[in-house]
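Everything on this sheet refers to the single structure shown next.
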Amino acid sequence: MSSGYGKAFALMREAGQGPWRDYTRHAFVEGLKDGTLPRAAFLHYLRQDYVFLTHFSRAWALAVVKAQTHEEMQVASATVNGLMHEEMMLHVGVCADAGISREKLFATPERPENLAYTRFVLEAGYSGDYLTLLAALVPCVIGYAEIGARLAQEATSETYRPWIDTYAGDQYQSYCRDIGALLDSALIRRLGENYDTLPIWSDLCKTFETATMLEVNFWQMGLTP
Amino acid sequence: MSSGYGKAFALMREAGQGPWRDYTRHAFVEGLKDGTLPRAAFLHYLRQDYVFLTHFSRAWALAVVKAQTHEEMQVASATVNGLMHEEMMLHVGVCADAGISREKLFATPERPENLAYTRFVLEAGYSGDYLTLLAALVPCVIGYAEIGARLAQEATSETYRPWIDTYAGDQYQSYCRDIGALLDSALIRRLGENYDTLPIWSDLCKTFETATMLEVNFWQMGLTP
Amino acid sequence: MSSGYGKAFALMREAGQGPWRDYTRHAFVEGLKDGTLPRAAFLHYLRQDYVFLTHFSRAWALAVVKAQTHEEMQVASATVNGLMHEEMMLHVGVCADAGISREKLFATPERPENLAYTRFVLEAGYSGDYLTLLAALVPCVIGYAEIGARLAQEATSETYRPWIDTYAGDQYQSYCRDIGALLDSALIRRLGENYDTLPIWSDLCKTFETATMLEVNFWQMGLTP
Amino acid sequence: MSSGYGKAFALMREAGQGPWRDYTRHAFVEGLKDGTLPRAAFLHYLRQDYVFLTHFSRAWALAVVKAQTHEEMQVASATVNGLMHEEMMLHVGVCADAGISREKLFATPERPENLAYTRFVLEAGYSGDYLTLLAALVPCVIGYAEIGARLAQEATSETYRPWIDTYAGDQYQSYCRDIGALLDSALIRRLGENYDTLPIWSDLCKTFETATMLEVNFWQMGLTP
C-alpha cells in the first residue's frame, strides 16, 4: 500500500513495521472501529490526549525554533495553531457534551505513559535537530491519518464516527500529506537524495520507532482508565 | 509618564533608564522623526530587521515551548504568527517598492550587531525559563510601541510616516498592552505580587538591560550601511 | 527525622511524602535489605540503571549549562565526572563479575519506565531553569543516600552489602550533603530566604514529586526483568 | 601545510580561508608575536577571555548533553574540566600577577563582541545537534593551537612567551589533535565517509566560518580596551 504521505515516512514505517502494526491495529483502535470501546475508556483517552496535545503543541513550537527555512517555520507554526485552536477545542467540546467541564479537563492528572511520550519527543527535539524532532513527531501525526483513513472504510459502528471523520477527513489528510512532503524536503535539504543510505538514517528510524512504541503504550493506557 | 504597558515593564525600564533612553532616543529614531534619516540607511535597517524578525519569531516560538499555561502559550503563538505573516510581510512590501527583490531580501548577510542580539535572546530563553525569555523579548516589542507613540506626536516629516504608523497604530499598541499584561501575570504567577523584591528580579532587569543595549547597537548598525 | 541534606530537600520530601515513602520503601529496596531480591532482578535493574546513568550524566551536564555561578557549574561538572568515571564503572564491574560483558551492558534495550524518567528530567531542565532541573535531579541523588543510610543500619543479609555500602559510604553521603547545600543556596540566590512561600515553590515541589513517582516506577520495573 | 588536526577541520578551514587568515594573522596575534601588543590590551583581552571561557565551558557541557556515544561525552566532559580547572586558572594567575584581583576579574563587564560569540555558539548548539555545536566550537579550540604553534616558531620577543607556550605546548597540541579526531569520527558516525558531499556540509562550514569571524571581532575588541 502506498502511503500517500511521502517517501521518507513510508521508509520509516517499513523499518519499524512491527511496532507500527501494534500501534495502528491496537485493540483500542479496533474498539473505535466496531464501537466496542467502552465510553469510559474513550473519555479517559480523550482527557489524556488533551494533556498530550498541550505538550505536543510545545514540541511543534520547538520545531519552529529549530527550522532552517521560512517554509519549515510556517508549517510548524501553522500546526501549533491548528492543534491549539482546533484539535484541542474538539476535545473540549466532546468532553463538555459528556459532562466533563473545562476545569476538570484541564486538571486531568498526567499518566506516566502520557508523560513518557511527550517528554521523549520534546527531549529528542531539544537534543537533536529539526530532522530528529520531525522523526519523533510524525508517528502521531500521520499514524492518526492512516488509522482514520482505514477506519472510515472499515468501521462497523457509528459510535465513534465523529472521531474517525476528524482524522479521515480531507482537511486532516491533506495536512498529513503536507507533513510527509515537509519530512521529505527537510531530509533532502540537509542530507541529499540518498539520505536513507547514511548512518544517521538508522538513528532517525530508531527515533520514529521509539515514538511508535510509545503510541502503543498510549493506546494501552487508554484501555485502563 | 505612565507606560501603559504594565507595572513590570515600567519597573524594568526605570532600572535600566540610561540604556533605555539611548535606545528610544537614538539618532536613528530621531532621523525617522524629522525625516533626515537617509533612505539607504532605512532600507539597510529594514533588510537587517527582516533577518532579525526571522530569529525573533523563533524566539517567540521558544516562548510557546517554555510557557506554563494555555494563555501563555497562546499569546506567544499568536505573536509568532503576527511576526511571520504581518510584520515580515510589511518589510517585504517596502523593500519591493524600493526595488529590493524577495530573493535579495532573503539573502541579506547578517551583520554581527544583528546576530549578537537574536542569539542573546534565544540563548537567554534556552538557558533560562519563560520569565527570562520574556525579559529578553520585551525591550524590542514594547520599545517600538513607545517609539512609535512618541514619533506619532512629534514627527515633523511625512517621510517615515508609514513606519511610525505601524507601531503607533491601535493594533500594535493594543498588542503591546497585552504583552505588558502577560509579563505582569507571568511574574505574579511564579513569584507572587512582590516579585521585584526577590534576588531574581535583578537578574531579569539585567537581561532586559542587555537586550536594550543590543537594541542601541542595532540602531547604530542601521546608520552604517 | 532531620535529613542532613539541607532545608529545601527536607521541605520537598515532606511535601511529597507519600510518593517518597513508596520510593524509599519500595519492595525492591526491602529486597536489597533482607537479601530476598532475586539476583536476576538485581542484574536487570543494574543494566537499566547503566542506561539511566548515561542520560542522568547528560542531565547533570545540562545543569552546568544552566548554572549561574562558578560554584554551581563546578558541583554539576564534578557530578558528571563522578557518574561517568565512578558510578557507571561500578556497574560495569558488577556486571562483568556476573558474566555480562561490556558489549551486552552497553546494548541493553531501554525500558519505557527508564526512558520516561530520564526524558522527564532532561525536558524539565531544558524547558525550565537551574532550579527546575535540580528539583528533578535530587530525588534520585539524595533518595539513594537515604536508602543507603537506612539499609546500612537495617540490612539483615550480606547479599547486597556492596551496593548498600556504595550509597551509605562517607563519600556518597558527603557528596549528597553538598548537593543539598547546593539546592539551598541556588534557591536563596534566586528567590531569597522565603522561597517556600512563593508560587514557584509548588511547581518545584511538583517536579520533585513527579521525579519521585518515576523512581517508584523504576524500582517496579526492576522487579519485572 | 597539513593541519594535523584531522580532515574535517582542514576542509572547513579551507572553505573559510579568508576569515581564517583574518583570525589567525590578526594584528593582535602579530602583536603577541613581536611583543608590541600593549600590556593593557593583553590584560583587557585576558579579562574578556575569562568571561568568554565561562560561557565556552557551558557550551562544551552542552556538547556532553548532545553527545551520542560515551566517547563523545567523555571528550566534551574532560574539556569542561580542563577549561574550568586549568585554562581559567591560568588567567586568574596572570591577572593576579598584574594586580587584578579575582573579584575584579569575575566582575569584568562583558563586551558585545564577546557576548556575540558565546551566545552564537550556545544557540547553535541548542538549536542544532552535536555536529553543529562542534563546528561552532572548533575554530576557537584549534585556531589557538595553530596560532600557538606558529608563534612558537616565529616569535621575536619573549614578552608573551608564556601565553604562546600554553597553546604551543604538547598538552594543548595533543588535546587539539583529539578534538580534530573527534570531529572526524562524529561526522563519519552520522553522515558516512563522504560527509563533505552532503548539503548539510555547507551549513556546518557556514557555522564554522561565522564562529571564525566572531574570533576576528574578539581580537579586534582586544585591541580597544
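As written, the chain order gives the labels A, B, C and D, with residue 1 at the start of each chain.
The rule is short, and it goes like this: a contact is a pair of C-beta atoms (placed from the backbone, for glycine too) under 8 Å apart; a residue touches a chain by one contact, two chains touch by 3 or more.
These numbers were taken from a predicted model, which means no experiment stands behind them.
Asker: Which chains contact both chain B and chain C?
Answerer: A, D
Asker: Rounding to the nearest 5 degrees, give the angle of the rotation that lays the CA atoms of chain A over those of chain B.
Answerer: To bring chain A onto chain B, one rotates by 180 degrees.
Asker: Based on CA centres, what chain would you say lies at the far end from chain C?
Answerer: With centres defined by C-alpha atoms, farthest from chain C sits B.
Asker: Could you quickly compare B-D and C-D and let me know which has more C-beta contacts?
Answerer: Between B-D and C-D, the larger count of C-beta pairs in contact belongs to C-D.
Asker: Taking each chain's centre as the mean of its CA atoms, how far is chain C from chain D in angstrom?
Answerer: Distance between chain centres, rounded to whole Å: 35 Å.
Asker: How many Å are there between the centre of chain B and the centre of chain D, using C-alpha atoms for each centre?
Answerer: 32
Asker: Pull out every residue in chain C that's touching 2 or more other chains.
Answerer: Only 58, 65, 122, 126-127 qualify.
Asker: By the document's touch definition, which label belongs to this structure's chain graph: line, ring, star, complete, or other?
Answerer: complete
Asker: Which residues, counting only chain D, touch chain B once they are in their complex?
Answerer: Checking each residue of chain D against chain B gives 58, 112-113, 115-116, 119-120, 122-123, 126-127, 210, 213-214, 217.
Asker: Residues of chain B touching chain C in their complex?
Answerer: Within the complex, chain B contacts chain C at residues 65-66, 68, 126-129, 132, 188-192, 197-200, 203.
Asker: Where on chain A is chain B touching in the complex?
Answerer: Those residues of chain A that touch chain B are 54, 57-59, 61-62, 64-65, 67, 70, 73-74, 76-77, 80-81, 84, 106, 122.
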